[in-house]
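Next, two complexes with subunit A in common: one pairs it with subunit B, the other with subunit C.
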Partner chain A sequence: MTAVIQTQNLSKWYGNVLGLSDVTLQIEPGITGILGPNGAGKSTFLKLITGQIKPNIGRVMIHGQNVWNNYAMFAQIGFCPEQDSFYEELTGWQFLTNLLKLHHFSPEDINAKAEIALDIVELTKDKDRVIRSYSRGMRQRLKVGQAIAHDPNIIILDEPLNGLDPLGRRKIIRLIKEYKGEGRMIVVSSHVLPEIEAMTNRIILIHQGKVFAQGDIHYIRDLIETHPHIVSIKCSQSRLLAEKFIGYDYVLKVHFDLQKKSLLVETNNRDKFFSLLPSLFIDNNIEVEEITSPDDNLQAVFDYLIGK
Partner chain B sequence: MTIKEKGYTHWDGELKDGRFPWWPITRFGIKLTFKRKFFKFLFALTLLPALVWLVGIYISERLEDFSFMVRGDQTDFLNVNPSYFNTYFTNDFLLFMMIMILVFCGAGLISDDLKHNALQLYFARPLKKQDYLFGKAAVIFFFLFILTLVPGLIFILMKLIFAGNFKFINSYPWLPLSIIVYSTLLTSFFALYTLLLSSVGKNRRYVAILIFGIYIFSDIFYGIFYGIFRSQYFSLLSIKVNLQQVGAVLFNQRTPQNVPWLYSLLIILGICVLSGLFLNKKVKGVEIIK
Partner chain C sequence: MTQSDTRKFSFFLQSAKDVFVFFFSLAKKVRKTKIFFFISFLPVFMAFVVKFSQIFSLARNIEGIYIFNNMIMMFYMQFLILILALFYGTSVSSEELEGKTLTYLTTRPVSKSAIIIGKYLAYTGLVIIMTTLGVVFSFLVLNLNELYELSLYKILLRDVAVLGLGLMCYTAFFTFVGTILKRSIMFGLVFSFGWENVIQYFPGSTQKFTIVHYLKSLLPSPSTGRFSFLLFRLEPSSTGNSVFMLFLITGVFLGLACILFTFKEYIMED
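What follows is the complex of A and B.
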């Protein structure tokens, strides 16, 4: 498949702070996830490919054309920034139509497009409410709405699931997947692996301003599988549960967190470990209060992969 | 290049040629300003001098009807000449009211965008930085031209209509050009001055205080320094006096201060250039590093 976005030796720094360093990659049509811990350079990368900031070195090409200062190209790009960018006193409808006016559509087209976008992000009912009264989820959806309203071929979403409740996340994920089905190209960033996993299996790992890995999510998963995981379990009989865990060779360590009153288990095979849990709980009649993975975040994986 | 087609129906409307990409920004700014509390009242109040001057032009052509109002020599009463125009364009009340208009319409022009992180949304669209800045400046041009250029040209038109001949314009053929040049200079200066201050903070109230404060204090400092050193050169510190100096020259009048008017012009142009350079650097897609 032909790459739509190409970057060559892309570098950006802010004074002494390195934003992105020597990134050369190609992004093909479909959904691509940009994954990296906070401060990795994801937002910098997205702003570079949307032509909002100028690279210090290198260039970004979309459809073979340089993006920087190519304003006509911006009509094909829909960008959803990470931060809220609303005039709170405007209604959702006013916000969208005002932004659509910048694309020089006719008034009829502006209304039609705003209607469609609000319908897609399920805000039609609330379009006449001022943004100040919107919930976090509605704001996120409106932000996605402004990115898709002008029918762009390329949609860039910077952490669109940030701060959303599970229902809100599901709505946005479904929306992104539907958009892919319509033949668009979507680049979405996140620092949470399962979020990206729910949308795509093609990811780019960014860490400390560099592309750390690029490819299929299974490749990343394989890397992660070899990384020992800590799982925290809060339950009624933690000592009994600890005794049961000892018998399995993929359980490496078990210890008690007295402060949090939980059992911490380290395993080098997360999938096997999690499939074991239900039967252990049921067979031993253990009531579970909470299961969490304290290190199930990208920073831990990156630290492990770079050998920290 | 077509990426993929999976049943997606592309929009088949017509893409309008963006000849005035700044216009949506200007229209939005004007609309928002009129929504502000008390603005309509303030703006109407600002138009009061124009109304008074217009009535003056009418009376000047009907002096015999109003002779009961005048005692003594009538020859100097309401003599409509370049001095009459100069007094309108450079009077303290009008300049002060313009500052009040700037406080209402200009303080939030960029600061609100900074506060709401809106710049990244603007610049993710087919909009150049120059279009953005021009769109913002055009909001100020709109309001200040209504107070300067439009009344100035109407005054001339009304003078000709009331007089019923072209004697006035034959006597001062350069006057329309003076009005256009002074209005443009004054409005451009105030536009850049306001945008500069609006871009330095995210809080519109803070910016409003700056717009008002710098104008007022520049005049107060002139008064203080003049009081101490008795040198009229300190009038160069005052925004108001600099504008009045240049205005007087453009309307072929004696300058109010005994200081070369060129210095005042250079100060005004210098502030404009520095403001432009600062705005060009300051206004850009916001990058947040965590």
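What follows is the complex of A and C.
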């Protein structure tokens, strides 16, 4: 397959701070997930490939053309930025129609496209309300709406699921998959692995400004599964539960957090461990108050993988 | 001009027009405009007070047009158009950065120059409307008894045109300042109330380095009277030269703003 987006030795510094370092990538059609903890360089990468900022070294090409100051290219690109900023005095409808005007559509097309986009992101009912009065989720959906309203072939979404409720997330994920089905190219960033996992198998892992790994998501899944995982359980009979855990070889350590009155269990097989829990609770009549995973985030996984 | 150049130019004009429509309608809604609209109407309230005091014979011997001329020179020329141009001109680019909305514009198929020109025209149009309304109402109130005098309307037209030229020129200058400086308001205040107010009285050609020199050259020179011996006074340029210079300054600074905005990298801080 031919790469649509190509970057060569892409590097970006903000003063003394490294944003991105020596990134050479080829992104093909379909959905590509950009995964990395906060501050890893995901947004810098997306800003570079959309020509928002200039690379210090290297270059970005879309369809073989340079992106920086190539405004004609944006007829075919939709970008949803990460920042929650709008022209607050406008209504959702005015925001979309004014941005669509900049694509030089006819007034009829502008209205039709704005209607469709608002319908997709389910804001038709609230289209005449000023953006200032929108909830966080509505604002996020409007941001996605402006990225798709002009029917682009390349859609670049920076943390599009931030601030959405579970239903909203599911709808956006479904939409992204639909767009893939229509032959469009989607680049989507997130710091939450399951979000990316729900959209695509093809991922690029970015950490500390560098591409840490790229390829199939199962690769990172395998890496994560070997990462010892800590689970905190607050329950009525923590000592009894600890005793039961000892018999399982995938439970590596058990200790008590006296301050939080909880049991901390370290396991090297999350899936097996979590499927064991319900039967243990029911068989031993243990009342559970809370189960949390203190290190269930990408930062912990990355720290583990790079041997911190 | 080749056919391709013509097509590019008409595309540029269309883009600038679309940006103009967007920001003219947006600017009417923002709080800043409501505040400045109120400020630009202060002379009208003042005119009412003056008129009432005239009616109640407190200052009947002062002509309305005399007060109006002073209002133009003191309030509009030395204060209002500077303030309006400063806040709207600098915001052409800086509000997009501060509000982090620049991304929405730069990911559209419009050139960055069209964004600058379109926004500049929208904001200049708006401040000209605001100023003109204030001037016209003040004029009508102050000259209530002489509204049949057609010669007075010539004065009104001339003053409105001069203020319009001033707004066009200052807004272009501050648009440029906004694209180049982060703290453009601070610089703009020093320029407006320092440089423009002081240098205009410097003798010789030094005063020609101010915009206000060319604006005041388009208005009748106030009589120096018994102060004619003073070294520091306005030495007006010719009308043609002044109008040419005002358009030249506007063109140069708008051009520079477009070049800078196109090639400068703006990083929105998280």
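Here is the rule we go by: the second predicted complex is superposed on the first by the 308 of 308 C-alpha atoms of A that agree within 3 Å, B and C clash if a C-alpha of one lies under 4 Å from a C-alpha of the other, contacts with A are read in each partner's own complex, and residues count from 1 in each chain.
One rule holds for everything that comes next: a contact is a pair of C-beta atoms (placed from the backbone, for glycine too) under 8 Å apart; a residue touches a chain by one contact, two chains touch by 3 or more.
Given the structure is predicted, the values throughout are model-derived calculations rather than measurements.
Colleague: Answer with clash or fit: subunit B and subunit C placed together on subunit A by superposition.
Modeller: Partners clash after overlay.
Colleague: Could you look at A:G168 and tell me whether it touches subunit B, subunit C, both or neither (first, second, both, neither)?
Modeller: Touch partners of A:G168: none, neither subunit B nor subunit C.
Colleague: First (subunit B), second (subunit C), both or neither: which does A:Y14 touch?
Modeller: both
Colleague: Which touches a greater number of subunit A residues, subunit B or subunit C?
Modeller: Counting contacted residues of subunit A, the larger count belongs to B.
Colleague: Between subunit B and subunit C, whom does A:G145 touch in the aligned arrangement: first, second, both, or neither?
Modeller: neither
Colleague: Between subunit B (first) and subunit C (second), which does A:P160 come into contact with in this model arrangement: first, second, both, or neither?
Modeller: Neither subunit B nor subunit C is touched by A:P160.
Colleague: Name the stretch of subunit B, from among 2-10, 74-82, 92-100 or 164-172, that runs into subunit C once the two structures are superposed.
Modeller: The superposed arrangement places subunit B into subunit C at 92-100.
Colleague: Following superposition on chain A, which residues of subunit A contact subunit B and also contact subunit C?
Modeller: On subunit A, the residues that contact subunit B in one structure and subunit C in the other are 14, 43, 50, 52-53, 71-72, 74-75, 77-79, 81, 83, 85-87, 98-99, 101-104, 146.
Colleague: Provide the residue numbers of subunit A that touch subunit B in the complex, in ascending order.
Modeller: 2, 4, 14, 17, 19, 29-30, 38-39, 43-44, 47, 50, 52-53, 63, 71-72, 74-75, 77-79, 81-88, 98-99, 101-106, 109, 112-113, 146, 150-151, 153, 181-185
Colleague: Could you list, by residue number, the parts of subunit B that touch subunit A in their complex?
Modeller: 1, 3-8, 10-11, 13-18, 21, 24-25, 27-28, 112, 116-118, 120-128, 284-285, 287-290
Colleague: Where on subunit C does subunit A make contact in their complex?
Modeller: Residues 11, 14-15, 18-19, 21-22, 25-26, 29-30, 99-101, 103-112, 262-263, 265, 267-268, 270.
Colleague: Which of the residues in subunit A come into contact with subunit C in the complex?
Modeller: These residues of subunit A touch subunit C: 14, 43, 50-54, 69, 71-75, 77-79, 81, 83, 85-87, 89-90, 94, 98-99, 101-104, 146.
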